[in-house]
Structure formats: C-alpha cells, structure tokens
Amino acid sequence: MELRGKLLDVSNLKVSFYTYRGVVKALNGVELWMDSGERLGVVGETGCGKSVTSLAVMRLIEQPGEIQEGKIIFNGKNLVELSEEKMNNIRGVEMSMIFQEPRSSLNPVMKVGYQIGEAIAKSKKIKIKNTYPEVKDMLRLVGLDPERVINSYPHELSGGMSQRVMIGMGLATHPKLLIADEPTSALDVTIQAQILELLDELARKMGNAVMLITHDMGVVAEFCDKVLVMYAGNSVEYASTARLFEKPLHPYTGGLLQAVPRVGRTDELKAIKGTVPDLVNPPSGCRFHPRCPHAMDICKLERPPFVEIEPDHYVACYLFKGKNEVREDG
Amino acid sequence: MEKTVKVSKPFMDDLKHTVFLWRKSRLTMIGSAIILIFLLMAAFAPLIAPYDPVHQDLQIKLQAPSWQHLFGTDQFGRDIFSRVIIGSRIALWIIFLVSVISGSIGIIVGVTAGYFGGIVDEVLMRITDMFLAFPSLVLAMAFAAMLGPNLTNTIIAISVVTWTTYARLSRAEAIKVKSQPYIEAIRAAGGGNLRIMFLHVLPMCISPVLVQLTLRMGTIILTAASLGFLGLGVQPPTPEWGAMVSDGRNYLIDQWWISTFPGIFIAFVVLGFNLLGDGIRDMLDPRLRR
Amino acid sequence: MKRSFMLIFLMVLIVAATGFAATPKDTLVIGANTGIFITMDPAVAYEVFPNKIVAALYAQLVKLEAIDGVIVPVPDIAESWEISEDGLTYTFNIRKGVKFSNGDPLTAEDVFFSLKRPVVLESVSAWFLVDIFGINKDNVDEKIKMIDDYTVSITLNAPYAENITLGILSNMFTGIVNKDVVLDHEVDGDLGGAWLTDHSAGAGPYVLVQWERNNVILLEANPNYYGEQPPLKRIMVRDIPEASNQRLLLERGDIDVAWDLTPQLLEEAKRNPDIVEVKVPGHSNEYLAMNATWGPLANPKVREAVRFSINYEEIVEDIMLNNALLVQGFINKGYFGYVEENPFYQDIEKAKALLAEAGYPDGFEVELLTSNTDTRKAEAEKIQADLALAGIKANIVIMQSSQMYAKYRAQGHQMIIAGWGNDYPDPDNLAMAHASYRANQLAWRNAWYDDYAATLCEWGQIEPNPDKREQIYKDLTEYWFHNGPFAMLYQTVEFWGIRKEVKNFEEAAFGYGMLFDFAKVSK
Amino acid sequence: MNFGQFLLRRLFLMIIVLFGVACIVFFIANVIPADPVGAILGGNAPPEAVDRLKAKLGYDQPLIIRFGNFITGAVRGDFGVSLKTSNPVMEDIKNYFPATMELALVAITISIILGITLGILSAVHRNKAIDQFSRIFSILGVSMPVFWIGLLLLLVFYFKLGWLPGSGRLGFFTYPPPRVTGMYLIDSIIAGQWDTFKEALLHILLPAFVLGYNATASIARITRASMLDVLRQDFIRTAKSKGLRKNVVIYRHALRNSLIPTVTIIGLVFGSLLEGAVLTETVFSWPGLGRYITTGMLFLDYPAVMGGTLYIALIYSIANLIVDILYALLDPRMRM
C-alpha cells in the first residue's frame, strides 16, 4: 500500500486503556497522514481521541494504555516496532510536542534556559552549558527577552510566555514534525492570536510540518492546510480546509460546522443532539449512528471504510461510496 | 491528555468502585484481614487462651515451644501463648484509648487553630511545636515517672506525646475547608462559629486524621515497649506485649521465644494497621483512584 | 551512585572479618554498669562497687581482711594501736617509710587531714563519725589529734566494742589522701573535692589514670606502693549497661569479668567452657517489710501469716537460681552473732488460720512496692502469687529506686521489697537497722516502735564480754522473728561470670560488699 | 518577605518554642513526687544526711526563684551542676553530645541513602518485587522495638558471625583520637589515624543502622509517595517528549521535585533520632547524651535532665531550621 503521506502515515491505529471500569477502546482504527511542511488540523469533540493519537505517534502511551494494532510510518520507519532506545533518538529530534497547560509542562524547579538547552544538547550530543547561545537565539525568535528569561523559573513567567518557551523548546531541534496539542486553549483570546501567529511564522521559516490538535474550528480555518475530523476514536473525514468548510460530506462534520458562529452567518446555530458515546461498550458499526439523522441499517452493522470520494477528500460514511462504487441514493 | 476515566465522587456513594479498589489492592486486603484476626483474638481472648496468663508454675519455667505450650513458657513458667492472646486485649485497649485521646486533642486543637487563624493559630501552633521539639520518649518517660508507672499512666504518657501530628493535620485540613465557598454560605445563613466548626469543618478533618491514626496505631505499642524497656511501662503481671518483649530481652540468646512471639505479634499488628492505613488513604485520595 | 555504596559496605565487611584479640595478659577488663558511679573521692564515695575501686586507690589506717571465712580489721598504714582505759580513745602508730603514688612521704599530718576532711565537708559517708562517734565540725579538733609525725589519736563518744570501732574505721572515708596535692587543687574551699572526683592522690596499690563517665575507668599499678607490686599492671572497667550485652562480650572474650549478670544469664553463660562462675557470701540481704501501723499489718498475727505464706525455697532456687543463702535472721552468715535457725516455710493452712484469728478470714488487699530491677520484679510477682494462695491480694507498684526509697523513708509504703547493705562487719550495724526504731533506720521506716527490741540493740552495742553479747543478739533475733515487721527472704550472694584465664578472683572477691582486693587478681 | 525576614521570623519562633520547652522541662523535673537527694545518697542513707544535702543544694527555695535561676542560667548556657557527676551540666553535655551527634549523623546518612534509594526503586518499579520488599522492610522497621532489633543484630553480627564489634565507640584498647570535635570519625581523619577511623566506623555501623532503621522506613515511604506523585506531572511527559532516557527523566527531573517533601520529613525524622538514641545507646553502650539523660532521669539528677533535654530540643529546632532553609533552596517557588 503506497504511502498517502510522505512524512507520516498512520493506518488502522488501535489503542485501548485497561481501567477499573473495563477496557476503554480509545482509538478504533485511526487513519492519518501528512507531508513534510504541511499543516494538518485534527478536530473533534473532547474524548474523540485526538490527543491519544498524538501521544501514540510520539510513542508516549504508558500504563494502563497500550497500542493494540496499526502502523505509524514516520520518515520511512514504523514507530510501533521501534525499540525504546531508537524511539528516544526520534523524539525531540525529528518530532517534538507542545502541550495545552504551558506552566505545568515546565519543570518548576529548573531554569527555563536549561530545559530548552536539554533538548538541543540531546540532539546535538553536546553539553547543555554549550547550548546557551542557541537557546538565546531561540528565545529571541519566540519574542522573549533572552537575558532575563534564560535564568528565570517557570513560576516567574505568564501563561503566554511559558507557551512561547514551549514552542521555542519544541522547535529548537528543528524537528520535521511539531505536534501541538491544544496549544492555545488554556490562554485568553488576545494571547491565542499572538501564539498562533508566532507558530505560523516559525513553522513557515523552518519548514517543519505541524499537527495542530484543537476543538476550535476557527483556529483550524486560520492555520491549517488540511483537516482531519475525528469522532469516538475514528477518522470520519479528511479534506483541505477550504473544501471541508465549503462542502462537508460527513453528517458529523456538517453538524460541527453548524455549531460554529461565523461572521455573516444569519441562520440559527444548531447543536448535535446526544452526547459522546461511552468507549467501554461503544455503539456497533459506525459509532456516530445513534446521533446521525441519516442513520441506515447498514450503519448499525459495520464500520464504514475510510475512502476517497473525491480527489484528496476522504470520508467514512455509507451515504457515500468510494470513487469506484455507485452512490446508492444519489 | 483527556481523562478517559469517569470523574470520581467521594467513596460513600460510589460503593461499587470502593469495593473494587479494596479487592484490587492485595495489600489492603491482607491488612484488613490481620486487623480482623486481631479484633477477634481480643474479643474471644479468654476462650482461646488455654491457660491462666498470670499463673506461675516454676517447675515448667523456660520450656521451649511444645504442643502443651505453643509458644513455650517464660521465666515464671507462665504460658506465653495465653499471655500473648490476653495481651491482645490489653494492646487493643491501649491502642483504642491512645487513639481516641490523642486524636480528639489533636483535632480540637487543629480545627480551632485552623478555623480561627491569626493569634489563636499562632499560639496553638507554637504550643504544638513545643511538644514536637521535645524528645517524645523523654516526655513520655517524665510523665510515666511523674504519674507512676501503670497502664493508665502509660496511655496518658503516650497520648500526650502523639497528639501533635493530628493537630497539624487537622489544622491544614481546616484551613483548606474554611476557604471553601459553602462555609461562607453557612456563615451568611447565620451559622455561629462553633456550629460551623463542629458540624462542617471537623467532619472534613476526620478522614485524613483517621488515616494517620491507623498508620500510627502500631507505633503506640512500640512506645509502650520502650517505656517498659526503661522500667517505666506497664506493671507485672499484666501481659502487655511491649513489657513482655522488654522483659524477655535478657533471655534472647537461649530462650528466644519469650520475647520473639510478642515481638512478632506487635510487628503483625503494626503491619496490619499500616497496610490498612495505606489502603484507606489510597481510597480517600481522589487522584489515586485509577 | 547506588553501586558505589554497596562496594564500600562490602569492602568494610571483608576487612572486618579479622577476629578480635582477646584481652591483654597484664590487664583485667571488667564489664559493668558504671551508671551508679558518682565520685572517686574517698570522703564522698558511698556506693558498693565504686567504693571497691576507691579501696584500690587509697591506703587506710586499718583495712578488712578475710581470714579463714571471717572478716577482721587488720593493720594497714597504722602498724599498731592502743585503746585507753575508758575505751574512748584509740591511738594509732603510723607505719614509717610509706610513700604516696607521686613519691611524697605519708605522715600523720596527711592522716589527720584525711580523717578531718569528710567531717568538714559534711560528706555523706561522714555520718559514721558524726552520728555514731559524735565527731562533728565543731569538736573535730578535740576529738582527732595529731600527737607527732607518726601518731594520731581519735576519741569516741561511747566505749564501742573494738570490732565495731575498727569495722567503722575500715570504711573508705578514712582513705588517706596526699594533703599538699589535694590542697593545690582546692576550688573555693571544697578541699579538692571536685578534683578528686576523677583523680587520685593516694597510697593504694593502684592509681586512677582516667575516668570517662559512662565509658571507661582505667587504673594502673602504683610504682611507689609500700606493699608488693600487684600481679596485674592495669584494671579497666568498661561501661556496659545491658546485662545480656555483658554476657555476649564475656563469651566472645572481649571482657574478663561480667559484673552485673542476672542469675539466668550466668546460668546460661556457665555452659560455655571458657566461663567460670564465682560466688561469695554477700553483705546484704533482701527482705519483704510491712508497715507496722498500716491496716491489717498492724496486727503481729497478720505479719506472721504473711511470713508463713511465702515459699522461700522457690525464691532462692527458681528466681535467684541458688545465688542466694536461705537466711531468715537479720545477722549475716559469717558474722559474729549469726543465728542458724530458719523458723518460716510456706504453710498456707497455718497462714489462713492466723489470718482468721486476726479477723481477716478472707484476706485483704495491699500495695506491694519495689524498684524496677529484673530481680525485684521477679520477686514481686512471685510473692504476689504466694500471698494470693493465702487470700492476700497484692497489687504490685514498680518505681525507680530513688523514688521508692523516698516513699519508704517517709513511711508511705504498705508492703515493700527492698534490701539492706551492711556498713561494717558487726551484728550491731544490722541490729540497729532492723530492730531499733531509735536508730531512725529500717525499723523506724516500718513504724515498728518496739522499746524492748531497741533497748536490746543498745545494750549489745556496748557489751564488752563477747559471750554475753552473743546471747543478747540471740534473744533479740528470737523476739524479732515473731514480732518484727520483716519477712527476711535471703542473704545475698555476690556472683560474677569470669573468663577461665582469670586466676584467684574468688580470693580477691571474698567478703565483697565490704572488701575486694584487686591486688590479689592475676591472669 | 525576602530571605532575611524569613530567617528572622523563624529564629524568633524558635526562641519562643525553646522557652516553652524550658517551661515544660522545669514543670516535669520539679513536680515529680520524689526527691533527688535520696537518689544521690542511695536508699539507706540516714535522714539527717538527706536533710543536710537538701539544704546545701538549695532545694528548699520556692519554685519561682529556682525557675528564675534556671532560665537566666539556661540563656547563658549554664544549666547548673549535675548532682551525679558534680561538674557543670554544660561541660557534661560537651563531653557526651558529640557521641550522640555522630551516631545521629551517621544514622541519618544511612537512612537517607537507603531510604531514598528504596523509595525511588519502589516508585519506579511500582508493585514489582522491589516495591513489595521495600514496603515490608519499611513496615518491619516501624513495627519492631528499637532495642529488640538492636539486641538481635548484636546477637547475629557480633556474637554469631563476629563481623562487627560489639559495644562502645572504639575497641577497648584503642585510644580515642585527639579531641577536636569529639566525633571520633572526624577527629581520627584530622589526626590521620586511619586504623582508629576504621575501628570507629566498624563500631558505629550497627548502632547507626539500628537507630536509623525507623528513619529509613519513613523516608522510603515518603519518597515513594512523592515520587509516584511527581511521575504523574505534566512536565515529566514534556521531558519524555524531548527524548530523554528513562534514567535522565527520573534522576534529573523527577528526583529533584520529589526530594522537596522528603527534606521536610528528614527534619522531623532527625528529631526522632535524637531521642531514639536513648534506647540505642543503652543497648550498644554508647556514651552519648541519650544515656546521660536516662541515667539522670533514673537518678532524678534534675539539672542534668533539664539541661540535656533543652539541649536536644535546641539541636532539634536548629535541624528544623536548616531543613526549612534547604527547603527554600530546593524549591525556587518558596524563594520569591
């Protein structure tokens, strides 16, 4: 099967968590791919498994979670089979990650400069104290005063400044892929825009691909080239940003867009009825069927395949057939 | 990372989950089993004990463990197995009384200090520090010497030394609870200080103090043993475990069983209380409820 | 970081595997609880064991010697002495050519200074001179006189029998100190008391080299000793408070003598071939005393019932493991006036009958007080069980010895288990204590105000004729048996565990309590 | 409140606490219904001698005056003269305290090394063999009487195996090194007497382990709990996402954070060491302050008991102060 994404290609990824209430099947065959330099937005309601996917790609899933099945091809290597040792050489070098809570993602008892230098030292195999010039450049790049920030502690920085530090840390090793898990959700709106702008500018300058995980469709519209919509552990629709906003195919995507207030819209906002399904005993077939207005019998029986309906536009829904199958009800 | 686990509620109304946690952690199960045996032993002590624990029979003194005397006999020919069994009742009595006394003093001091804050807090906490800075064994020795060495005075001496930990614990809890909005609501509804303190703040302190109490119940017997070792403990012929271990120490080399068996029982009970204490703490601490 | 720690620990263990040399040939190493040591100043030292160390440091006018089983005062610095017609004044002739450990000659001036010192200092042991001989601060210069460089005289307030006077004068407070050296170290009028606490300036066979409290006491042979040099060059006393610990050290050969073993520990240590048990009759006794004014105990019949409830053999055999002599009179075996007869034994029926006669058919409750040594606790539990057979319910109360004696001295007890250590080897010392309330000692403490017994004691003290004196003590003992407030349990036996390499320790130890001659011990 | 104010306030609190302790000590020493004089004279001394000594030592003065003298004396470091050793109590303390301090320091070192190692290993390998072992080890530590463990280890390592020497600080025939600090280990290094150092080390291992066993248990327990807590924090995930190896994540990132609560327990535990010495010193014939106070207590040697206890309380408060300072150093959040 030739790769859909030259940089990263995740296929049929299944991850489960063994908790006291039973086995939570968090990811149920996720499909995701990216080319280098590309900006992919991964959207969906809370609990749809977007963060678990990002952690799986970074191989950071630990007790009681486990990757059951699937392949994660990154730069030609299948990360699922790599040893912990080899994975460590990829993490922080070829791919890195920034998180939602910037202040708690930094070690409270360590100087910020040291924490950034650590990543550089690892990738360049040099002593941390020799990385300080580069750390200062990085801090300047993310718009912080290097002299003051390098020796300060996380609790001395504001939320926005900490997130800038995280971005600096993530990009310091010029990774091919930067995963950003809800980088702006914890910040107030004015800071959000600045951070997104910074991320955009830096990623463009350094040419790294960015996987942006968010539940804010506005951020996706502004930042991402391509969008993957996820629902209850499945990839349900993938398309370019423009195309998705213009002609959403999957009923869930439609519902999502309906719920987003946008300038110039006059029609009434509609919310999707029902709640996110319980992943311990998820609904059979297509997991959206209990909430899907167009649900048919087949939807209840089997999981719809994730097929390419139009060029570079995939969907997993029985309303649409694959490129080579006829659409049933036109 | 999204929480894939249901948001937990205090264990009272989430019984199924609590029972699961109880069953899941083997150690807590073992702990509660030990304590159960200990309680049963204390309750039915007179029935279980084959001989009179105080009866001396010098002809059969210092006999090794045998079928007539499971744990052998001590230097007066008394059956050690019966003394240990009856001793469990005394141990339970000491533990219960000390826990109640030191627990209540601790909570009252802690809650008052935490609730009122300011000068009251400063003064009460300094007093607690004083008792903490004081070498507790010397304090216990002094009280035992002052009041005369017997069972009740040993209990008082140990309680006087151990209440400080609970005071600090309940103070921290009281401060945390005092700042909760619902306390403001009650005060707004005209609730007096005393009412608030005892009806609302104090119950919240019970669980952390309860955990600490269970953890420390074992060490109470140890302090009693240390007092016995220094000659200030419980009076003969009462079969108190601590005194038995310290009296038997001179026979450790050849008649090892005299102090070993009470020692084992002390260790057993302490182990039980510690495991139980850990178990209760894990259950009450929401973050650990995976 | 962890691996390196393990390495160090292992290396240390391997290095430690080398065995430990036994104790050196020329040194006697004693393991004892030196917690009771207070001072080495002869004028002040008052405890039994410390006094024996002081005895090795200082020569005296007369000292005690055990000659074929009987303890007799013999000449030491005083070559000879005469007693005046009225028996009040003793004149001692000082031996010539005797030198102190630092080489200074010993003269009557030093003797006079040493005798006067305890009186002036009002030290504890001075009560012999002050309360018995009536020599106090004011009249000390008339009572004690220096006649010439080598003669000193002492005048008493009553014509005591020679055996009593010399017995008293053989106590350590007559230890002769080097006047000049002591006065050099005097601090604000303490006559060198502070310095003498842990230094020595005497003419005894040994010299005090070092005393580190709670750690070690080291004596070395005195080169200028006027007698022949002692066989052992050094005596070392290590502080080992735990009896079971002393036993381990003894069996490992790290100490030569374990001083405070309990009967049980000695019983087990004996099984080791390298260990020898040494036993000598002691100079103290162990008794159960009853407050003769408290409740039922005021009735002599009740006291007699108590005496018939106790199983004395079992106490001697099972608690003391035969490290005690079954003696029920108050005069020690080996003393003048000793009464062989032991009238009491356990007879529960007789005890119950006596109790019924006294009006207590179903017994009574009483508080039994004693101190917190292992032996005392064992005795208390034993007596508690025996008394229970006769219907007497005894509640044991254990106190620290100092607290117990405070309560005992204030007549605040009901029943008490305690012991009496003799001060000088004469029946007078024991009679006064146990039978005469006027002496303010044990009889008084137990509120036994019996004039007949007190008069007999005073008569015995000054009776010159030995046969008459013996008869007095026989009658007194007979009367005391059935009316006194005591149930005598046993006469103590002093016992030690020693290494087999230690020679004639028994000869040196005979008469211990009164004397212990370190100079006799060899290896 | 900058560091200076923090220090000043802590010192001021310490003085109040010590004054309180002095009051408790004085209250206890003078209300025990027994007279010290009897203790000195022994049981059978005649009443007249007892009264004479009582007057001489001033025990007939009213309580308040004696309390006044005691406090003014204590401030100057003069706790009066010990009734038993008849030299100034402060001098006795100077003689005995180094032995206890040395034992406590070695004990705390052992318990820190052992406690933290066990704590980390059992946290990192949760519920595996090492975790169960360390829990049983620490629970045994908390549940066995100190003197019993002491005698047992003495029996095994000294009597049966002969690996370690029995009692006392040095072999009976080795002279202590010239006194600089009073601690044989340090003094012997200063004096360069290496075989004395080795012997002192061998002598201190067993008592220090016994004294420290209880502390090891508490430190292991606290380290495990706080390590488990820290390993759940977000910044650990960040560290892992930087591709750092497992050990680096644990020792560079997690350990330092988990040490903060452990440091506070060390302060508390150090206090329990000072009084645990009372038992250990008796079992191992260690001439320390613990034994000085107990023999003082048994002989009702008031000045010694009062002085000794106050001194231990002082050392305990200083140890706590040092812990607070360490706490501030370790955790920058405290330093703002």
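Every chain is named by a letter (A, B, C and D) in the order it is written, and numbering of its residues begins at 1.
Just so we're on the same page, contacts are C-beta pairs under 8 Å (C-beta built on N, C-alpha and C of every residue); 3 or more make two chains touch, one makes a residue touch a chain.
If you're wondering where the values come from, they're calculated on a predicted model, not measured in any experiment.
Asks: Of the chains shown, whose Cα centre falls closest to the middle of all protein Cα atoms?
Replies: Of the chains present, the most centrally placed is D.
Asks: Is the C-beta contact count larger for B-C or for A-D?
Replies: A-D
Asks: Can you compute the centre-to-centre distance for subunit A and subunit B, using the mean CA position of each chain? Integer Å is fine.
Replies: Once rounded, the distance between the two centres reads 52 Å.
Asks: From the C-alpha centre of subunit A to that of subunit C, how far is it in Å?
Replies: Inter-chain centre distance comes to 91 Å.
Asks: Taking the mean of the CA coordinates per chain, how far is subunit B from subunit C in Å?
Replies: 45
Asks: When the centre of a chain is set as the mean of its C-alpha atoms, what distance in Å lies between subunit A and subunit D?
Replies: 55
Asks: Taking each residue of subunit C in turn, which ones touch at least two of the other chains?
Replies: Within subunit C, the residues that touch at least two other chains are 244, 248, 399-400, 403.
Asks: Enumerate the residues of subunit A that touch no fewer than two other chains.
Replies: none
Asks: Where in subunit B do residues touch two or more of the other chains?
Replies: 1, 145, 231, 249, 252-253
Asks: Along subunit B, where are the residues that touch subunit C in the complex?
Replies: Subunit B reaches subunit C through residues 54-56, 58, 61-62, 75-76, 145, 148-150, 231-232, 235-237, 247, 249-254.
Asks: With touch defined as at the start, can you tell me which subunit C residues reach subunit B in the complex?
Replies: Interface residues on subunit C, with respect to subunit B: 243-244, 247-248, 262, 264-265, 268, 314, 318, 372, 374, 377-378, 380-382, 384-385, 396-400, 403.
Asks: Spell out the part of subunit D that touches subunit A in their complex, as residue ranges.
Replies: For subunit D paired with subunit A, touching residues are 233-235, 237-246, 253, 256-257, 260, 330-333, 336.
Asks: State the interface residues of subunit C toward subunit D in the complex, per the touch definition above.
Replies: Going through subunit C, the ones touching subunit D are 2, 5, 12-13, 15-17, 19-20, 23-24, 27, 29, 35, 38-39, 46-47, 122, 124, 127, 130-131, 193-194, 197, 212-216, 236, 238-242, 244-245, 248-249, 251-252, 254-255, 399-409, 418, 420-421, 433, 440-442.
Asks: State the interface residues of subunit D toward subunit C in the complex, per the touch definition above.
Replies: 32-36, 38-50, 52-53, 56, 84-87, 92, 95-96, 113, 117, 151, 154-155, 158-159, 162-169, 171-173, 198, 201-202, 205, 282-285, 287, 291-292, 295, 298-300
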